[in-house]
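Here it is: the structure, laid out below.
For reference, chains read A, B, C and D in written order, and residue numbers begin at 1 within each chain.
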């Protein structure tokens, strides 16, 4: 029998190794798997490459993982959220390698990784510093940049509901990077508010079919930046 | 004793108001952080405009009221927002497929610099201190059918933001279509910057002096006007 | 006010020109916009390029459009459905130019067209006749083929429900090519069984947001290959 | 008068049965048209296997009963099917992202020819008469983690289907992992074709004679057996 539910965060996060590449969903605090991210701190991992949209607060979520010293490289579109100084010159995190990627290119590179597309052309960033050193190509008279897929060892995902097959239903703008990150990792770990019986999720509303999911842990009251869920 | 000369030009809400007048009924619009966020307040009531938010919303409504925030429903600035009837949710790759695929009619952004050829710099001050953050600006600059820039005409130090060539790191090449400032409305055309409107109490020559690139005055230029706004 | 509903099939199909490139959704008869396709026959168009998964029956749906002589080129993955001889040597349709595309590559090329991705690499078809003449590239030791986006002048789409903004909800496997084709055409025309009030569709279930849709026509009892809907 | 020699080897349902035994609990499986469609009938009851159908289903159930067909719910062969509890729907690009992205554990396909190196030809008879139809075969051949082939060991005319090199147009290069025929179960390895099982009343030499490529007999080979099936 297929049962992707695990009993707690520790089991959910087992077997992640130093030096792993970890993607984490979320945009702002919406859809951010904060309990998994904070749980990862207790794994005391070193040398992680972290992939996410950006840091919302320096001591919360992805920010906490970075300021705690677990991360050597961060791939993000908005690395330093409003009000943060993380990564700025002179801060303790200034030495962390940053790869700033246009948000749409980041999303498409992650989707490509999950979809078995090693590279694609996009007009985004052509002629800008973020395309520096990248191969370019003219197609039908327009200029494009060749971008490569991003995959990861681990994806940390937040959804609203799941079932034992790992099917996921999201809430509102909580989807953001979660469905595409779930596709592109060797090990996809999900926190949800509730795991329901198989068949209870509307098949038309399942935005991440269980095929992309390895482990699901129930966190009834997820930690949020802004207080009560 | 007389008061010093009043600052000429429109207030920021008036710039948003002016841009809002150019958004047609039925348009699908993406708004960048800052001045552009004021646009929905001023779209004429009879026009139905659909707001796209790159984090996965179409049909975004007004900001959530205080105390009614749902933090699973945020806008591109990560502030709590709302969804109108008819709105929908989707993931980031689908959201940027809308942008990159040319499905957004208008995007309104801020700017550090705009060049005469429509080049845009708005993501990186290049000061080597603050970490640059690009977000969706490069995708929007390239993907939206029309790019509106809302900006103060001049930087705080009085320097030109509209220039012959950008010196800051670029966001996109030849992507700007129209510029709304406190002093003028300027169309970026294949033959240069054309002033469609400028404030009445400033001559074209004075406007040119405040601009770092050559301007042309449209034959049917109009005075730039906006109602008093709070 | 935005209102994409049109009164009937004739209005829905107005302004399509000879020589247009037309995509039609559907896999088997599921999600096949048969009323739009049959309606197109009455436009008496010539020289169409048709893009679809394949012909299910020679005198029905896409098959009818082809046997009627409207189509000069067909791009499909399964052009000749089980039991048909269409396009076979010696048949009246044998002269039609065929581009046979692997189904996943066809789907991805169509999505790419809608997503502003002019080209991408895929391992599919490498070393086979369907990659003949196409540029190839080795990435991380694996061989890939460069595939180009497909776009169209017109997409004919079938969904279950719509609203006046053009938001679409599908039924079961009726999604198939419809959501991606809706993204990639200059003019996207949709037939649905029912147009509902704005706000009645669950925002989590809208698989095609209205941004991709131009015209919606209500066909309460859609024509199906197998009889009653 | 004696009856002619009975055809040696397993019936088609038995081939499907044998392949079904190799599908582990929890596997996500895509089944091609023909013999592979028989596999779900023979998966041991204690195993839960999820069927993927490339037209946008995961968790596909058994074929729809006559009179209960819903033609909006069809399988990859366009026949009416059903969805199990836990099943989901998605569009074609998402469906082939699952395939191309390596998320399908096993795909079972038919074949015209299989080469010793795992090359597969199963889409085009190349006769210049019948229009070739490829469907999802090329994507599956490249994308699935393991590719099982279910086929008669020999063509109707007795010719070999397992060959040193395919002569028909290829579906995919070095993509086949295991071959199930009426006579044998053969693993495609880096060093050639290894017979894991063959029917008891046929010697390895006889099997080799019926095969167009060199076979190796596994050291721990077993007789190929299947229960009697209707």
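Assume a residue touches a chain if its C-beta (ideal position, glycine included) is under 8 Å from a C-beta of that chain, and two chains touch if they have at least 3 such contacts.
This one's a predicted model, so the numbers in the text were calculated from it and none came from an experiment.
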- Item | Any chain in contact with subunit A as well as subunit D | C
- Whole-angstrom distance, CA centroid of subunit A to CA centroid of subunit B, is 30
- Item | Approximate Å spacing (C-alpha centroids) for the pair subunit A, subunit C | 33
- Between subunit B and subunit C, what is the separation of their C-alpha centroids in Å? 36
- Out of subunit D, which residues touch more than one other chain, so two or more? 83, 89-90, 93, 96, 99-100, 143
- Note on the structure: Flagged in subunit A as touching 2+ other chains are 108, 111, 115-117, 122-123, 170, 172, 203-204, 207
- Query: Should the pattern of chain-chain touching be classed as line, ring, star, complete or other?
  - Reply: other
- Item | Which pairs of chains touch, using the document's own definition | A-B, A-C, A-D, B-C, C-D
- Message: Quick check on the complex: what are the subunit C residues that touch subunit B?
- Response: 1-2, 111, 113-117, 163-165, 167, 183-184, 198-199, 201, 203-204, 206, 209-212
- Item | subunit A contact footprint on subunit C (complex, rising order) | 108, 112, 115-123, 139-140, 142, 144, 148, 169-170, 172, 202-205, 207
- Query: Which bits of subunit D are touching subunit C when the two form their complex?
  - Reply: 53-57, 69-74, 77-79, 83, 89-93, 95-96, 99-100, 124, 128-139, 142-143, 169-173
- Item | Residues of subunit A that touch subunit B when the two form their complex | 27-31, 54, 56, 77-82, 86-90, 98, 100-108, 110-111, 122-130, 143, 170-180, 207, 224-226, 229
- Which of the residues in subunit D end up touching subunit A in this complex? 25-26, 28, 48, 50, 52, 58-59, 83-90, 93, 96-104, 143
